[in-house]
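Each of the next two complexes has subunit A plus one more chain, namely subunit B in the first and subunit C in the second.
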Partner chain A sequence: MKQITIVCSSGLGTSLMVKILLSKMLREWGLQANVSNTDQSSIKSETPDLVIGAKQIIASIDLGGTIECIGLENLVDPQHLREKLQNSPTFLKWLNELKEGKYESNTTT
Partner chain B sequence: MNLTQLLNTGIMGEPAFILGIIAFVGLMLQRAPLNKVTTGTIKTMLGYILIQIGGMAAGTALSNLSAMIQRGFQIIGIIPHNETVVALAQVNYGKEIAWIMLVGMCLHLLIARLTPIKYIFLTGHHILYMSSMLGSLLVSSSLDGIQVYLIGGICLAVAMSIGPAIAQPYVKKVIGGNHVAIGHFNSVGYFLSGLIAQLVRSKKEKEIPERIQKLQPFFQDHMVVVAVFTFTLFFVSSLFVTPDGMKEMFSGRSFIVVSFIQSVWFTAGMYIILAGVRMLISEIIPAFQGIAERVVPRSIPALDCPILFTYSPIAAIVGFLISFAGGLTAMSVLLFYQYTTIIPGVIPHFFSGGAAGVIAYKIGGRRGLFIATFVHGFIITILPVFLTPLLSGLGYVRATFADSDFSIVGILLHFLVRLFSIN
Partner chain C sequence: MLTVRQQKMVHQLIEKGDYIRVEDFKEEFHISDRTVRHDLLLLEGWLAPFHVQLERNRKYGVRIVLSDQHNTNLSEILQKQPEFKDHKERVKVIKKLLLEDSIINVVDLQEEMAVSKNTLSQDIQIVRDWLHVKQLDLVRKKGLIELVGDEHGVRRAYLELLREEFSEQKIFQLLIREESALLTPWEKWFPLEEIFELCDVLQMLEKRLDIQFSDTGFSALTLHLLMAVQRLKDGHLIKMDEQLLNELKNLPEFAIIKDTIESNLFDIFQIDTPEQEIGYITQHVLGAQRNHEYVQEDAFYIKFSKNIVSKMEDWLHHPLVEREKVIQGLAIHLKPAFYRAKYHLQSENPLLNQLEMMYGPIIDRLEEEMNQLVSPMGITFDRHEISYIALHICSGLDQKVIPLKKRVAVVCSSGLGTSALLERKITMLYPQVNIVRKYSYMELNSISTLEVDLLLSTIEIPLMLPVPVVYVSPLLPKEDQKKLIPYIGEPRNPLQEEGKLVQVVKDVLTIFQRHSTVQNEARIRTDLLEYFQGQNGKQEKKRLTEFLSPEAILLQEDISDWKLSVLKGNELLTKMNCTDSRFGEALLEMAEQPTTHFVIADGVAFPHGGSDRHVYQTGFSLITLKNEIIFGGTKRKVWFIITLAAVNQHQHTHALATLIDCLADQEFMEYVRRADNPDEVWHKLLEKEAMEG
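Moving on, here comes the complex of A and B:
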C-alpha cells in the first residue's frame, strides 16, 4: 500500500484535518493509499511515498530529497489541496498507473 | 445493579472501554469495514494507556524540577503545560473525563443542529484537554458521578460552540471568509489580541523584516525545543540549590548530568503522551466529523490554530516570541506579590501566541502585533493563577492548563457550582 504522511508541528490537529480532507479526495479518485498523520520530530524517521504539510513546516524538514514533499499555502481550502496534488509528479504517476490498471494497492514500494 | 453501580464498576467504569466504545460506534455509523473497526477501536484504547504511561514519566521529571525550584529559589513554580496536566488527570479521573467527552460531543452536535451556532469543534486534543480540566474541577466539588458527567458534558458542549464564535469576528478577517473557524481553547486570548490590535492599529503599513523568518526552523522541532527549554530550567535551578541539597536529592550525581537526564526524561514522556493523544483522537475525530456532516447541515468546521500560521508565518514566529516575553514579564510580576508563580512554557506560547500574532498582525499591522501579543502572553500566564487552586483534586501537581479558555471556563464553572451548592 502506498503511504502518504501528513505532517504538522505536534501531529495532532492540523494534520488530522488535512488527513480527513485527503482521504475523502482519494475515495473520489478511487485511489487506495494509507494516510497517516504525524509530528515534525517523527517524520525524520519515516519513509513514506509522499509527504504533505504546511509550507513553513515542509521548508524546515529535510528528508534527503528522495521523497516528494508538498507544501500547502492554505490548509483549509480543498481546491488548493486538489491543485497541489494534480501538480505533483508522484501523485500523477499513481493516477496514471491507476488508469492503466497497473496501480498496486497491496505492495509496499 | 443500579445505574450508578453499572457506571462505576461495570464495563462502563473503565475509561479505556468507554473511549473504545465511542470509536467503535463512530466507525460503525461510518459503515467502516470490519478490519478498520477493529484496529480503530483497539488503537483508541491503546492511545489512552499511552497517555498514562507518558504522564508517569513526564510527571516524575516535573516533580523533580519543582522540588529543585522550591529548594533553589524558595518559590513554587507552576508550569502551564496541557499535555502533562492532562496525562496526570487521566491517571486519576479517566472515567469522568471519558464520560464528559462523550456527553459533551453529543450535546455539541445537538447545539449545532438546533441553534444558529453552527460550529463543529474538530480539534480532538483540545476536546480531551477541556474534558480533563472539567473532570478534575468537578470531582473536587460535592457533586456525584452522574451529575459530574452531565454538568461537565454541558460545559464542554457550550465551550465547544461558543469558543469559535468568540474569536470568529477577527478570524474571519484573517481567513477572508466565514467558511472555517478556529477551534482552539484560547478564544478569549484571540479575541483580546484582535481587539487590542484594532485599537492600536499602525497608521502606516510596515513590513516585518524578512530575516526574522530565518529563526523559524529553530522552533519547528518541538521535541528539541522542549528538551532545551526543560534543560535550561533544570540547569538554572540546580545552580541555586546547595551542593548538599543536590546530593540529597540525586544521590551525589553531577548537576549537569542530572539536568540533562531529567529534561530528556520529561521530553520522552511528553512524546509518548503526544503519540497517545494522536492515537486516541485520530479514530474518534474523523468519525465525529462524519456524523456531524450528516446531522448538521451547513455546519462550519472549527479547526486547530496552526491553520492561521500559513497566512503569515513571520507574524506567527514574532507573536510567539513576544507572547513569551509577555509571559516572562507576568512571571516576574507574580513573584513580586506572591510565593507561587507561573513559569511560561514554550509550547503554549508557540501555538496560542503564534495564532494571536497572525490575527493581531492582519488586523493591526506591526504595532498591533507587538502590543497585542505582549498583552496576550501576559494574560495567558496570569490566568492559571486563579485556575490552579481549583484543581486541588490533582494533588501537588506543578503543572496546569495553559490556554485562556481553560482558566476562564474553570473559574466560571467553579463560581456556578458554589452558587448552587449553597442554595
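Moving on, here comes the complex of A and C:
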C-alpha cells in the first residue's frame, strides 16, 4: 500500500484537515493509499512514499532527499491541494500506473 | 362542631336558664372533672360568635344568660344539629357505641342519627358483618341491640376501630404536638388533654420499667390505654382468664405497671383499675416494640436469634452481611414478638403484601423454621409477625447496588437547536445519565415512568405528568445544575476525574512494563486513557456543534493584538472545562515558532494543540473580529479565529470535516463575517451538519 504521510507541528489539527481533504480526492481518483497524519518529530521514524504538509514544516524537515515532500500554502482549500498534487512527480507517476493497470495497491515498492 | 354530649349540655343550660354544677355534668355523662372543664371551654368558644357568654361561678357552676333574640337564634341552630352524618360516619359511631356500652337503644340511636329505620337497619347489618369477622355477635331484642362475645374479641375490635380512626402517623404527630394533628377531630373520641395525660403516664411507666418503647410501641400503648380508660369509665366488667392473670401477676413488670397505672388513672379520671385490666396492659407493654439503643441484651433471645440466622444462612448457602448486627436487631425484635404471639396480640403488617412479593420464599422458609423452634413453647408466629422478622434477615442479604443510569428525556418543541444543545450539555456534564429520547410537546401525553425518570424542559408545560419536570435553560448554567442535584446528582468535575484516570493508566502501564517491553508508551497511554473514558473510538463521529457550544462563540470582537485573541480563544475553552489557562500560553509559544502554521487560509487562524496536561477534553472555540489583524510573524491578516484543544488525534475528525466544508463555503463565511448572534451561528452550523447527514 502506498503510504502518504501528512505532517504538521502537533499532528492533530492541520494535518488532520489535509488528511480529510486528501482522502476525499483519492477516492475521486480511485487511488488506494494509506494516509496518516503525524507531528514533525515522529515523521523521521516513518518511511512514507509521499509527504505533505504546510510549507513552513516541509521547509524545516529533512528526510534525506529521497522522498518527495509537498508544501502547502493554504491548508483548507481543496483547489490548492489538487493543483499541488497534479504537479507532483510522485503523484503523477501513480496516476499513470493506474491508467496502465500497473498501480499496485497492495505492495510497497 | 359539637359532640352529642356537648349539645346536650347546651340544651340543658338553655332550658334551665340558671347555674348547673360541674358535679351534675360529671354524674350525668360519667366524665371526669377535666373533661367537663374541657367541654365547657369548647362551648364557650362555640357560643362566642353568637355573642353569648358562658358565666362561671366557683360555687354554683356555669350558666348561659340569653335574651329572647339569642334564644331563638341558638335554638334554630341547635335544631339543625346534629348534622347529617354520612353512611361511613354512622357505621363508625354505631361500632363505637356498641364496643363502649355493649347495649344500645335502637330508637335513641335512630333519633340521634336522624335517619330512617331502614337506613339504620342497613348500617347495623354492616356493623354485624364487621363484628362477625372478629368472632363477635350482635343480638337484637325489644328495641335493643347487644354486643355478645368474649373480652379478648371486644378489645381487639375496639383497638382496630381506633386504629382506623387514628393512624399511627396521626398519633406520632399528636405526640409531638404538631399543629395539624391537633386540629383533627379527636374530640369526638377523647379530649386531647386525656390523651396527653395518658402519654405522661406512659412515659412515667417507661422510666420505672427502665425501657423505652419505639414510636410504634408507644402509639399502640396510647391507644390501648385510651380504650381501657373509656371502657372503665363506662363501667365495663373486665374479664381475664384466672390462670393467665396469675401468670402475669408473677412477672416483675406487673407490680410496677399496677402501681403506676392504678394511682394515675384514679387521679386523672377517678376510676379504679381492676387487676384484670392491669393484666391486659402488662401484656401490651411486654408486646410493645422497643427502641433498639436502649435494650439490654437478653441471652435467650440472642441465642434464639443466632440459631435462626444460622439456619437461614444454611438455606441461603451464603453468610449474611453484617451478621452480628442482624442477630442483635433480631434479638431485640424477638422479645416482644414472643409476648405478642403468646398473648395473641399480633397485629397486621401493612407491608405484608409487598414483602410477600419480594421475599416470598424467604418468608416461607422462615415461617417453617421459626414455628418448628417455638411450637414446643406453645406459641405460633403468624404470617404478619414472620414477615417482620424476615425484614431483619433480608437486611443482611448482600445487595449489590447497581448504579442504574438515570433516564432523562428532553422536551423539544422545534425539532432542532435548543434541545440538541441541552442534550449535549447533559451528556458532557453527567456521565451518570442517559438521554433516552426527545419528546415533542404533542407527545408528552404518552410519557411514562417506565421509560423516563426525569424530564427536562426549556418551556413551560401546563400538563400533569407522571414524571418530574425540571425547567432549565438550554445552556444549563450553575443554578440549573443545582436544581438537578436531587434528581441526577452533581455534575462531574472533569479535572478531578481526569486526574484519577491518569493515575489508573499510569498504574496499568507500570504493570505492562513489569512483564513486557512496551514499544510505544505514549500511544498505549493515550489509548488506555480513551478506553477508560469510554471513548474507545466510537466518539469519532462527534459533530462540530457538540465540540463548539454557543457559549464558546464570540462575535464581532474588538481585539487588535493577535496574542490577546489567542488567549481569549483559550479562555472560552477553559470556560467549557476543556483546558486551563496554561494551554493559552502553550498556544502562544507554538505560534511563535517558525514552523507553526496557525493561519490556515486567508483570514482564518486555527490555533490548536492538545494531548498535554492542560487539555482535559476536546473542544473548539470561535472568535470573529470586527477588524482584521495581523496574526503572528506571518504577516497574514485574520478575522476568523477557531481554536481547538484536542485530547487525541481522531476524536474530532468529523468535526474538522465540517469545519473544512464551512471554510470552503463562501456564502457561509460571508454570513459569519457579519453575524453577531452566537446562537444563530451555532444553529447555522447545525444546519450544515444536518445537510451532511
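Please note the rule applied: the second predicted complex is superposed on the first by the 109 of 109 C-alpha atoms of A that agree within 3 Å, B and C clash if a C-alpha of one lies under 4 Å from a C-alpha of the other, contacts with A are read in each partner's own complex, and residues count from 1 in each chain.
Keep in mind that, in the parts below, contacts are C-beta pairs under 8 Å (C-beta built on N, C-alpha and C of every residue); 3 or more make two chains touch, one makes a residue touch a chain.
All figures in this text were calculated on a predicted structure; none of them were measured in a lab.
Clashing of subunit B with subunit C is the outcome of superposition onto subunit A. Judged by the touch definition given at the top, the superposed model places A:Ser41 against subunit B, while subunit C stays out of reach.
Contact with neither subunit B nor subunit C is seen for A:Glu97 once the two complexes are overlaid on the shared chain. Looking at the shared chain after the overlay, A:Glu68 reaches neither subunit B nor subunit C. Judged by the touch definition given at the top, the superposed model places A:Pro78 against subunit C, while subunit B stays out of reach. Contacts of A:Leu21 after superposition: subunit C is touched, whereas subunit B is not reached. Across the two superposed structures, the residue set of subunit A contacted by subunit B and also by subunit C is 8-14, 16-17, 20, 37, 40, 54-57, 59-60, 74-76.
Within the complex formed with subunit B, the residues of subunit A that make contact are 8-14, 16-17, 19-20, 23, 37-41, 54-57, 59-61, 72-76.
Touching subunit C in their complex are the following residues of subunit A: 8-14, 16-17, 20-21, 37, 40, 54-57, 59-60, 74-78. Interface residues of subunit C, counted against subunit A in their complex, comprise 590, 593-597, 600-602, 604, 606, 608-611, 644, 646, 648-650, 652-653, 656-657, 659-660, 663-664. Residues of subunit B that touch subunit A in their complex: 122-126, 175, 179-180, 184, 216-217, 220-224, 271, 274, 277-278, 281-282, 285-286, 289, 301, 303-307, 309-310, 313, 316, 347, 350-351.
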